[in-house]
Every structure is written in structure tokens, then in C-alpha cells.
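Note that the chains are named A, B, C and D in the order they appear, and that numbering of residues resets to 1 at the start of each chain.
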Amino acid sequence: MSNFLASINYNSWILHVLLVFPLLGAVAVFLSPAALAKRLAFAVTLLEFLLSLGLWWSVNTSNGTMELMQTIPWIPQWGISYAVGIDGISLTMVLLTTMLMPLCVLGSFAAITEREPGYYALLLVLTTGMIGVFIAMDMFLFYVFWEVMLVPMYFLIGVWGGKNRLYAALKFFIYTMAGSLLMLVAILVMVRVAAVMGDGKVSFSYFHLLQYAQSPIMGRIAPWLFLAFFLAFAIKVPLFPFHTWLPDAHVEAPTAGSVILASVLLKMGTYGFIRFAIPFFPGVAFSTFVTNTVVTLAVIGVVYGALVAMVQPDIKKLVAYSSVSHLGFAVLGIWAASVQGVQGALMVMIGHGFSTGALFFLIGMIYERRHTREINAYGGLARVVPIFSLILTVVALASIGLPGLNGFVGEFLVLIGSFRIYPYATGIATTGVIFAAAYMLWALQRIIFNKLDKPANEVIPDLNRRELAVLIPLLIGIVWMGLYPKPVLDKIEPAARRYILMTKGLVVPGDDVIRTKGASQ
Amino acid sequence: MNPSWIWLTIALPFAGFLVNGVLALAKPDAKRVVSLVGPGVLLAAFAVAASIFAGLWTHPPEEPIVLPLWAWIGAGALRVNFSLQVDQLSAVMLMVVTGVGSLIHIFSVGYMREDPGYARFFAYLNLFVAFMLILILGSSLPVLFVGWEGVGLCSYLLIGFWYQEKANADAGKKAFIVNRIGDFGVLIAMFLIFWTIGSLEFTDIVKHAPSAYAAGGTLITVITMFLFLGCAGKSAQIPLYVWLPDAMAGPTPVSALIHAATMVTAGVYLVARTSILFSMAPVSSMVVAGVGATTALFAASIGLRQYDIKKVLAYSTVSQLGYMFLGVGSAAYSAGVFHLVTHAFFKALLFLGSGSVIHAMHHAYHATHSHEDAQDMRNMGGLSKYLPATYWLMLLATFAIAGVPPFSGFFSKDEILSAAFGRGAEHPVFYVFWAFGVAAALMTAFYMMRLMAMTFWGENRTGTVEQEHLHEAPAIMTGPLVILGVLSVIGGVLNLPEFVGGLSHQGLEKWLEPVLAPAAKQMPVHMPHGSTETILIVAASLTAIAGLVAGWKATLAKPITVAKAAHEEVGFARVLFNKYYIDEIYQSLIVRPLVAISRLFLWKFVDQGVIDGLGVNGSGGLARALGWLGGRLQSGQLGLYVIVFVAGAVWLLHAVIR
Amino acid sequence: MLLGPSLVLSAILFSIGVVGVMIRRNAIVLFMCVELMLNAVNLSFVALSTAHGFGGQVMVFFVMTVAAAEAAVGLAIILAIFRHTKSVDLKNINLLQG
Amino acid sequence: MTGLDLLTPSGLMVAMLPELVVTLAAVIVLLINAWRHQTAADSRFAGMVSLAGLVAALAVLGALWRGGAAPLGAPNMIALDGYRFGAQLLILGASIGTVLLSLDYLERESLIAPEYYSLLLMATSGMMFLAGAEDLIVLFLGLEVMSVPVYVLAAFNRKSAVSAEAGLKYFLVGALASAFLLYGIALTYGATGSTALTVVGQRIAAQGIGTMSGLGLALMLIGLGFKVASVPFHMWAPDVYDGAPTPVTAYMATGVKAAGFLALVRVLMVGFGSAVDTWQPIIGVLAAASMILGNLVALAQRSIKRMLAYSSVAHAGYLLAAVWSGSQAGASATMLYLAAYVLTTLATFGILAVLGRGGERDVTLDSIAGLAQRRPAIAAALTICMFSLLGFPGTFGFIGKWAILSSITAEHHQFLAVVLVLTSLVSAGYYLPVIRSLYMRPPLNAEIHDGVILPGAARLTVALGVILLLVLGILPRLAIDRADSGARSFAGTALDRAAQARR
């Protein structure tokens, strides 16, 4: 495989193609008739996935450094370049994105009946935005992707969403923008300070900023800068108490929108912590106050999310709050900055992408049949739709971290990795596994078990082939990563170690590790 | 067979699960195939297990044989392989699980035949065995944990097997959640062990624990307490026992296999498996023994006043599990395991026997379209006439559980009580535990005899028409009962005490020695000897017999009214009947407040009120309100505009000159 | 030299103009007050010219021209509004607000 | 043609050629009006001639710019540098756009009075003088030549009471502001003995800022603050923008505001550069107040036109923030942002004009609901405009905002930057609902949008505007180059030296 990829010079063009191809696809889809649009969109996303798959072999993740770096001057007057690169962390995130997109398209075939070309075109634009966030190596570029992504999502929620979609769309947009605008100021200030330190060289390059991020001048304002970054990412994660946009957005978004939100968009917050906020300001991020605050918030998120999820009457809201809970684990692991914690956080991110994505698909499918998301409107479905019930059960169990399925690997690693550092917080977070069982099984019971006492539920058909085609890849992922997560763990380990070195201020760009000691364990 | 084939024992039932699962979804009527595959894979697994066991028997390994299958979770220093460990302890468990499991599978062919979810049932049951085997064969805590939670899952699915009844689904959910509380403890224990020993492999734990921990220190105590929390959840000990009685909602073979013979004993197994840790933590051991003894007594007392035949057996199971913990808490790990094994025999027999009874009762009521409770003993009576085989076999099991010599239960129970008594020399509190155990033994004998008497003796209360339809179960159900009956009777030979002599040095204790020796080195077992031993044995035997006689006399002393005509219990009996109201207390002290707090405080107040209402929409509203105010200022009156203009000008001039 | 007093006088006149604009409600009177302000400034220019040469005096002519132009346009607008509202009282002119 | 001696009449004439062409065109249109002022065709003809005049001026401007015209000796009366050229490009662009928008609007509203175009051209020449003024006398004259025709334009719809009211309010407060500005010029003249900005700058750098020159500065800030609609001198703006005919509103929001800002930058940079410490705090307060008040009140508006009026106050705040930074980067950012704002505003008001058959004041979020279904192109264009006004990445508006933020943060004082982004967030609260109405709500009734058709000329403006917004939003290098080279005109001024010293 590697030889073949090398022979077509894969590494030199793939990142650009991954960004441009969906955009071109979006234009084509937008201009094509409705009947063709969805097929075309599916073809584009599938091809995009196949293209991206080569990254698995072609990217050398063993150093944990940014590979495939490409820098093209964009706005040289302002020191802005089109710079992209990829490491193990980005790699998994990009593949998660590209893998989900064909499923999202396929999963929308029946649900979306209005303005289809626009819908699928937006999904494709979103693809570019998401991939861009994960590979941008220039802060300007990153910011552009970060913000641009909001637009398709805004439309997806607002146009194709549920009853209260207008409120949810606006809330989603403004909430997210609130965080990112302050980050914008922080980026600019960093660039200015770096320019002072670096003989007036103005550059938005990630590495350039990383180089000067720990300079003494930056040190004085670092808490403020960190706060700005932190807010942007904490809202996206979402970390308690910045999470209230999520339930609304999830509930109102169309199925594919919810899937993308949960599976990819939320990960951008944690990704942002790992890639930007913490490596830039490790001193602040790991100061006692910040550490205590973040870990407390993460743990509150874990427990609070689970408890609030438990009492939701709306199944989508339940899953939304469960995301708050899960992502709390991820943040905890990131702040633990131990190998297990960080790898665990990444596994939580990936695992949550699979299981929650699948949950939202399932909810969407049942919604298409019954047009309600009220948990109490269901009951006894196991008898009418056994395949649906089986898959829902498996996915729900994956979500609550049943060992052998993917959710467990991440949670276990996070908890074991964080335990040494924050024993009490981790101990409290571990109770999350109890509450997770409570909310998920209770919901499961009310949906697929109990008496089949609503006549409307007696006639719904089981999953069809298209729906199975959407779910089975996710199920394979859930089981595979639960039983044999090693290939993924191996891909992310060097990058995770590198992140840990950064948290200790042991890495400077120029991309070389000064000291490698003290980051094992 | 070479132990490296051990994975087959897991793979076979798992394959059975896949086949039955697909059938359940695709062709639920293919009962023939299911009847072959379901028990077939178990018998095959048992054959594999037996041949491996035979190999071990002839060449007992000094060290555990660890067979890595694949690298599972690896991050930094944490390297967990998915590997299986074969040693004397897991071999015993292997035999029990596959053996008893096979019998129960065969029984189920008859018992579940009519059920529309036949294939699904066997799929779950096969899956359960696969997970149970992972639990006992896992070479490290995380792998064990896979099985640990996996059996919990199957238990959940099987308790709620007839999910259309809300109560059943509730019971399944309750089981899973209560077990998760225990799992929380296991997780924390794992974290602590990993960060102190650096590995979660059992072999490493055994090797490094003595140097890593100070015996009796806080750390080891904390670790073992958390581990025991897990055990208490899985093995239904106080305060987490509440799920097990409810778990009787599942089909009776499930109760026999999961909630009597195998899964619920996993906690005992875990303590034995990590005996090195418990032996270094005397305080924890004492807690284990204390909780075990208390549970034994407490559950037995509830069993005195239950009418549902399965509920009686359920509380009996909780009580017997308490015995096992009393044993392992007294550092008599092999005694605990011994009781585990004998209990698996006689309790499986009791459950299957009760299954046979319920089967008959159910048929009888079904034939007459009556909606009476087929499990209520007040509706039975005199069944020995209709179900002779079942009656005799259950009577044997009753003697076994009551501890009548020389039935199996006598030996195992005696060994536990002796060990507890022996530890009393060191910690007098163990005398109390011993006394609890003896009292529980008395009650056990009593309620078991009560069960037998109400069910099989006296006048039949099922109904005159229904009596016609009462008949013995088919051979496929009684066959396994017979085998279990034999085992219940002779199970004691596995580990004969010293006074019997002869085979004693060949017994279970000896067999398990390589596994348990490190623990024994930390905390030796003090078995009473000589006259003390004799007195204890005699006392135990007399207790058992006294209990049996009392149970028989008391039950048949006055006539029993059928369930629907029964009047309410009064006094302490009512407390017992209502299981000390523990469920109600949990419900109103923990569950309901938690849900209420979550809904009213966290969700409605904090989330929707404070964060979203005040914080998010509040700031939005504030901006809008300020904007509206600003708009009011824009009155359209030019005079005002000029005044603002001039005021601004004055401020600006002032600002410059200043 | 009368520079100081002239400037003070100019400032006073300007202020009177400003106050007039602030307190009067009649559009025409308002405009007259503005004219007063412009002429107060003119006084300043003339006075300052004594110190700095004729630049200020040139400015005065421009200002007078501009004031004339403004007057023409302003009165036309006031006429236009009078046609609509039959009043030049600014109190009545508040269709645009909010 | 690189060097021009501005002290000779011929040199000065060449330097002022663009203004002269526009003035000439105004006179020609006026002459044509004398004979032909009856029919719609007459009006359209006048508009075409104006267009030709503006394009000719643009060509002359281009020739001067490309030729690298620069003063040979001392500057005199009118600037001859990149900043002036850039400023005048913007002004001419705004004027051309306004003419294009007006062609069909006037016909639709039956405002058949070709004088409209000559007024527009005169105002344009006034703006060009204002933005290019190197001398305070020219500045004042430019301001008045600009203002007086715009007073008339605001009141141009004689049939409309609100239009007359708009004219009156604009006129009265405008005259008041002119008086303040004039007094400021007088005091500056008194303090420095000159009206030439360069000389003023040198004197103030030499003697420091005293009471008299300080008052002069303050009074001039008041006058110019009025023109750019900065809080607290903004209160006329919502009413006037609201009441004036929509193309005129567009013109005021783009041309007048641009000319005012560009003059402000020049006065502050060249004339009062060394007094930066005096005016920076004041500008900062004005900027923050404008951003906060404009955005908040815009949030509470129902009418989209009035909402845009308040948002224009907010944008004045953003621009003042750029001016606040008092550096070349700030001057460049002002120019860039104005360019983005001019493009966006023209396109927005162009669309608003066609949405508002029967009165643009009544265009609300409800009345535009569901436009995207019926008129996808117009809805898309309006959406892009809203995103650009919001300063969202991918549009030129973002580049402008980025430049402003960049220039502020370069001064290592982040307060204004934070206010800017937070108020931008507030602005999302009223820009996004527009998009929401367009795409996410059903129309009030089936036929409501049938008549929404962009006429040819307006379509050209809107299309060009929107395409430029997108292209410059993604590939802004050229625009940044122009703005930067313009800002370099201020190299060596007192302010520039001060800015260098601050680093």
C-alpha cells in the first residue's frame, strides 16, 4: 500500500484534495436536480473517504510530529499562509470525519425531501470545514475553517430542523461565535507579541506562535490569552456550564446534523485544547487554579450530564446531555496529561463519534417512522422491530462503556490515566459509569422493552437495507475498537506523548524535542 | 488436551450465541436447530474443559499458564493483553460453569420449549457462558472486567427476558445498575492497583503485592474495600443485594445458572483470585467476613417469611453467598470456593426443581385459564404425589443446603464455620460472625423445610380441576436434575475434612494450594482441631437437624390458606414478608431523591433556569432590553438630539483640556 | 491689540448660538442661531488674522458664501416640511423615531 | 508624470483633475437638466451622463495613481498621495453604485427630477475634496460642498413627509456640526498660524498641544464625528437614514461616511500626529460608545432599514477603533474596512430598495420571510452581505475587521479589541435573523415576493458587490496592497514617528 501511495505521490496532494474536492462536489451537487443530488453527494463523500483512507498508511505517525506539511503564502502582507499538516491525532479525526460523511448522506436519503441539492451541498461544504479545522497549521486558516463551519450547520439546523429550529440555530451560532471571537483577539495578540519577540516577523504560523508562546512577555498576558482560547474550545466541547446550546441544537437538527454535531464538531473543542490552548500556554493551563477549575468542571460535566440526561423526556436531549458527560471524560484525560489519559481522551473522542453518531442515526430512523422523540411515546419495540432494538442495545451499551465495545477503552484509559494525578476527581468521575447505566438503560427500557401498548408502535417496519448500510459500518467500528483498539492507539500514541512533552514545556518548534525524559508512564 | 486450546471453551458458546442470535432474528421458529446448537456448544465446551482439566490433573502446573490472545489496550506503561489464565482455581470454576451450565442448558430445552423467544433465550444463555468464562479465565483485571460486565449484561437481558412486563424490565435494569455500583469499586481498585504495582495481570499482582504494599496499611485496605464493593454488587451482599430477589423475574433456568450457580459467585471468585490482596488487609477481610455473616443471617431471616418459591430460593442464595464471604473473609479461600462449588450443585438443583414445579403449576393453570400465581407456595401443597422425582431430588438438595451430614453442603458449610471460629482466636469479633453463621444455618434449615413442606406435603391447594393437569416434567428436564442430585449428595468428597481422613490430602484445598499459597503465607488459616472441631461439627449437625424439624413442624402445624384468600401478615412477620422494607427505603432515600434532584434542581433550575435562562437567554434579553431603551431615547425630537450632541461636545472639550 | 477680548467675545457669541440651538423649537430660529455661531467663528478668524496674516480673512469670505448656500438650501427644506406638517415647530416633527 | 509642482497653477490643476472632472460633469448634467427634465427618459439620460462623468473621473484617477503622481515640493492645498487616491476610488465607487441604484429607483418612486444626479455629482466632488484636503480651508469647503447637496438629496422625495423630516434634521444638526468644525479650524489656525495640515503638524510637534490647539482639535473632532455618525453625535443618523430615499441612504452610509473617515484620518495623522496621546483616549471612548450603542439599539429594531441605520453607527465605531490605533496599520485598516463596508452597504441597500415596494421602511423580518424559495439569487446575495457586515470569514468584511483588530492589537491595548468582538457578537443577533427569515421561515403569503426583481443596473451593482465581497474575502492581497501603499503616505508624519517610538 505504501509503495503504491508513494508512486502516485499521494502525500503531496492529498490534503489539498481533501479540502477542495468536497467544495467542487458541493457546487456540482447544488446545481444538479434533486433526484441526482443525493446520489452525487454520496459518491463524492464516499470517494473522499476512499481518498482519505490512504492517509492511514502514508502518514508516518511514529514521531508524533506534523507530517505532510505544506505551506503556501496566502496573505503575505499579514504573514498568513495556507499551511496544512497532519499528525496521528489529526489523522484519526480526519478519518472519523470522512468516514461519517457518506453515512450521513446515506442516512438522509429518506428524511430530507425538501431542497435536497442545497442540503447535500451544505453537507459537503461542512466536510471541507471540518477537515480544514483538523489540518490547518496556520491560525488564520484555522480560524477561517472554525467559523466557516458554523454556516452550513446553521442552515442545516435552521432549514431542515425540527419545530423550534429557528431558536436553536441562532443559539448554536451565537454561542459558538461568542467563544471564537475572543479567541480571534487572542490569536492576534499572540501574533503581535511574537512579532515583538521575533524581530518584527509577523506570522500566523502555528509553529511560529508556538515558538514564542512561552516567551516572558507572553507570560504576563498568557492567562488572558489562555482564557480566550479556553472559552472558545470549552463552548465547543461543551464543558459545563457552557453546554446549554447543545441540547437545543441536537434536538432541532436533522439526523445528519445531529450526527455531525456529536461525532465531529464537539471533538473540535477537545482537539483545540490538545493542539492549541494547552501547548501554547502550558504554564497557565496547568497552573493550580486552572487545573482545579477545569478538572472540577469536567467532573461536574460527567456527573451532571448523566444525571440531567436521566430525566430527559426527549430522547435526543438525553443523548445530548450524555455527550456532555462523555466529553467531560475527554477533558479530564486531556488535563491529566498522562499517556493513558491523553490517549484515553482521544479514544473517547473517537468512540463517542461512533456510538453517539450511531445513536443519533437510530433515533432519526425511528423518528422517521413515528415522528416523535418523546421516550414515553415508545415502549415494547423489541417485538416489532427486533433488528432496530438489537442495534440500539449494542450502541447504547457501547455508549455506557461496556467493556469489549469501544466506549470502554476510552473511558478506562482516561480514568486510569487521570487517577494518579487527580485521584478524588477521578473517583467522582468514575461514578459516571453508574449514572450512565441509569439513564441509558432506563431509556432503553422505555423504548424497546415494557408493554407494546401504543397502537401506533405496532405497525412500524424494521430497518431496511439502506439503514443497515448506514449502521453496520458504525457497528463494526464499535466492536473493532472495543476489542482491538491497538492500531488506533498506536497511531495516536506518539502524538499524545508529544502533547505531554508540550504540556511540560519540553518541546519547542523547529520540531525537536529537547528532553524526552519524564514523559513516559 | 493442551491448555492452549482453552480459548475454544469461550469460542464455542460465543459461536452458539451468534448462531442462535441470527436465528432469533431471522427464523425464530427453528427450534430444532436451536435445541441442538444451544446445549450442544455447551457440551462441547464442557468436553474441552474436561479434557484440559484432566491434563491439569495429571500434571498440575506450578505457575499459572497465561495464554495471550491479542494485544488489547496499550498506552504508556499500561499494557493489557487479551489473555487467558489457566490455573487450578480457574480450572475448578471452568468445570463448574461448563458442567452445571450444560445441565441447565439441557433442562432449558424442555423448560423453554413453548416460549416464542426460544432462540433468543439460548442466544443470551450462550453469550452468558462465554462471558462467564472470560470472567474466570481472564488473566488480568481488565479482561476479567470484560466478563464481569458481560455477565451483568446477560443477566440484565435474561432477567428482562419477558420484557413486555414492566416489572421484569425494571428488575433487569435494577440488576445492571446495582451491579454498576459494584463495578465502580472494581474500577477504582484497578486504578489503585495499576498505579502501585504497575500492572493489572494477576501473576504480577501476586508477585509484587507483598513488596508493593505494607500489610495492613491504608492503601491495601482501600484497594480491597473497593474490590469488595464490586464483589458485593455482583454477589448480592449487603447493601447491594437488593437486585437479586428481583432478578427472579427471569426464567427459572436463568435463576439457576446465573443467579445461583455461577455469576453471583463471581464475587467470591474475585476475592479468591485476589486473595493475596485480601490476605494483606486484615481489616478488609474482617469487613468481608462481617458483611458475609450479616448477609447470611439477614437474608435467611427474610427467607423465613416468603411465599414465592423462587423468592425463598433467592434469599437463600443471598444467604449462602454470605457464607462464602464469611469463608473467604476468614482467609479460608479454599473453603469459600468449596462452598461455591457445592452451592452450585444444590442450588442449581433447587432452582431447577422449583422450575419443574412451576412448570407443572403453570401448565395446570394454563389448562384451566386460571390466573393464579404459579410460583406462590400457598397454592401448592402435596405435590410429591404428582412430581415424585422432583420431590425426592429437591429433598436431597434441601438436606445438602441445610448441612445435614454427609451431604455436600455439610462439609463446605462446616469448613467455613470452623474457619470463622478459628479466626476468632485472633479477632474475637469472628466469634460473633460464627454465631451469625450458625443462626443462619438454623434458619436455612427451617425455611428450606418450610419450602418443602408447603410445596410437597400436606393437602394440595392448587384447585380441584387444576390437579388433573399436574404432572412430572419430561425426561430432558429431570435428567439434569438427577445428575445434580448425585453431585449434591456426594459433592463433599471434593474436600473431605481431616477427621474423615483418607482422601483429605487430595481435596480441593490441596488442589488450590499453588494458587492460594501466597495468601496463606500472609494470613494463615486457623482451623480448630481435636475436641473443638468435634464439638463444632456436632453442633452444626444438630443445628441443621433442629432447623429441619422445626421447619417441618411449624409449617404443617396449622392449615395454609391459598394465596388469594390469605390475610395480611402482622407484627414482625410482616416486616420479614416485606423484606425489612429495604427496597422501599432505597427507593425513597436514594432513587426518588436522585431523580427529583436531577429533574427539578439540576435540569429545571440549574440548566434551564440559571445557565440557560439567566446566563444565555438572560444576556440576550439584557442586550435586547438595553437596545430597546436606547431606541426609546431616540424620541424623534430634534431638541433632544441637539442636547445630546452638545453634551457630547462639552464632554469632549473637557476631555481635551484636562 | 484686541485679540484676547475678540476671541472671548467670539466664544460668547458661539455659546449663545449653541444655547439657542438647544432651547429653541422653531426651525427657522434654530437656523438663525447656527448662523450666529458661524459669524462668531468669523469674528475669531478676523481677529486671528491680525496675528497670522490674511489667511483667516480669506476664510471669512468662504464661510459667508457657504452660509448663504446653506441658508438657501435650509429654507427650502423648511418650506418643504411646512408643506407637509403646516408647522415649523420641531415638536411636531417626529415621524422618525425609535 | 511622477512629480507635480503643486505651487504652480498647472500642477495643481493636474493634481485636482479627478475632482474637476466630476465638477464638470455636475455642471454638464445641470445644463442638460435645464432643457430636459420632464420624462423618465430624461432622468435616465442624466443618470447616464453622470455615470460617464464618474467613470471618466475614475479613469483620470487611475492614470494619476498608476503614474505615481507625487508632489515635487511642499504639499499644498490638496494631497497627492496613495491615500487620497484610494479614498477617491472608494468615493467614486460609492457614487457610481449610487447612480446605478438610483436609475430605476427614481422611476419607480416617480421622482422624475434629473437635478438629483447633478446634486449627487456635486456632493461627490465635495467628498473628493474633503478626502484629499491637505489644507483646512479645502477641508471645510469640501465638507460643505458635500453636505449641502446631501441635505437636499435626503429631502428629495417631496411627496414624502418623512423624507422632508430627514432632510430637515440632517440639515439643522449638520449646520450645527459645521459650525463646530469651523470653530475648530479657526482655533487651530489661531494656535499654529496656518491652515495647511503639514504646517499645523510641524508646529504642534514643535510646540506641543496647547489649550487653543487642543480646543481646535476637539471642535474638529465634533464636526467630523457628526459626519461619520459617531456616538454621541449620531442621533440624526437613524432618523435620516430611515427617512431618506434608499439610494440616498446608501450614499450617505457609504460616500459621506467614507469621506468623513478619510478626512479624519488625514487630519489626525498629518495635523495632530504628535498629539496622539490627547486624542487617542477620546477616539477610543467614541469608538466603544458607537459600537455598543449602535449594535444594541439595532438589536431592537423591527424595520430592516432602520436596523441598518443603527448598524451603520456601529460600523462607525469599528472604523473609529481603527483610527484609534493611530498607526499606518490603522490608516490602512480604515481604508480596507471602508472598502468592504462600501461594497456591502451598496449591495444591501440595492436589495432593500427592491424588497421595499411600497416603502422600504416597512421591510421587516416578517416581510422578507421565505424569499429564498422564490428568489434564491437575491436571498443568497443578501445573505452574503449580512455575513460580510457581521465580519464573517470568507467575506471581505472579515478581512476588514481582521485588519482593524490587527491594527488595534498591534498597539498592545486590547480593550477596544474586546469591545469590538463582543459587540460583533451582538450584531450577530440582528444580522442572522435576516438570513433566518430568508431561508428558514415560510413566506407570509404566496405572492408576496413575486415583484421582487432586481432591475438591470441594480443587479449589476449587487452582483458586482457580492462577487467582489467573496473574491476579496478569499484573495485579499491586492486590496491589502492598495490600502497599505495608501497608508504609507503617512510615513514620516509626526504620528508615524510617534507610533514607531511606541513600539
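The working rule: a contact is a pair of C-beta atoms (placed from the backbone, for glycine too) under 8 Å apart; a residue touches a chain by one contact, two chains touch by 3 or more.
On a predicted model such as this, the values are computed, not experimentally measured, just so you know.
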For chain A and chain C, which third chains touch each of them? B, D
By the contact definition above, name the pair with the higher C-beta contact count: A-D or A-B. A-B
Of all chains shown, the one whose Cα mean is least distant from the combined Cα mean is A
Just give me the whole-number Å value for how far the CA centre of chain A lies from that of chain D. 43
Quick one: chain A and chain B, Cα centre-to-centre, how many Å? 38
Dist(centroid_CA(chain B), centroid_CA(chain D)) in Å evaluates to 79
Chain C to chain D: how many Å between their CA centres? 26
Counting only residues that touch at least two other chains, what does the list for chain C look like? 18, 21, 30, 93-98
Chain B residues touching 2+ other chains are 620, 631, 634, 636, 638, 642
For chain D, give me the residues that contact two or more of the other chains. 168-169, 172, 176, 238-239, 301, 429
Write out all the pairs of touching chains, ordered by chain label. A-B, A-D, B-C, B-D, C-D
Could you pull out which chain A residues touch chain B in their complex? 171, 174-175, 241, 243-245, 304, 307-308, 310-312, 338-340, 343-344, 380, 382-383, 386-387, 390, 397, 402-404, 409, 412-413, 415-417, 419-420, 426-427, 430-431, 433-434, 437-438, 441-442, 445, 448-452, 483-486, 489-490, 493, 496, 520-521
Would you mind writing out the residues of chain D in touch with chain A in their complex? 387, 392-394, 398, 402, 405-406, 409-410, 412, 414, 417-418, 421-422, 424-425, 428-429, 432-433, 435-436, 439-441, 476-477, 480-481, 484, 503
Spell out the part of chain A that touches chain D in their complex, as residue ranges. 75-78, 140, 143-144, 147-148, 151, 154-155, 158-159, 165-166, 169-170, 173-174, 177-178, 181-182, 184-185, 188-189, 191-193, 196, 224
Complex contact set, residues of chain C against chain B: 18, 21-23, 25, 30, 90-91, 93-98
Per the touch rule, the chain B residues reaching chain A in their complex are 24-25, 70-78, 82, 142, 145-146, 148-150, 153, 156, 160, 163-166, 169-170, 172-173, 176-177, 180-181, 183-184, 187-188, 190-192, 194-195, 594-595, 597-599, 602-603, 606-607, 611-612, 615-616, 620
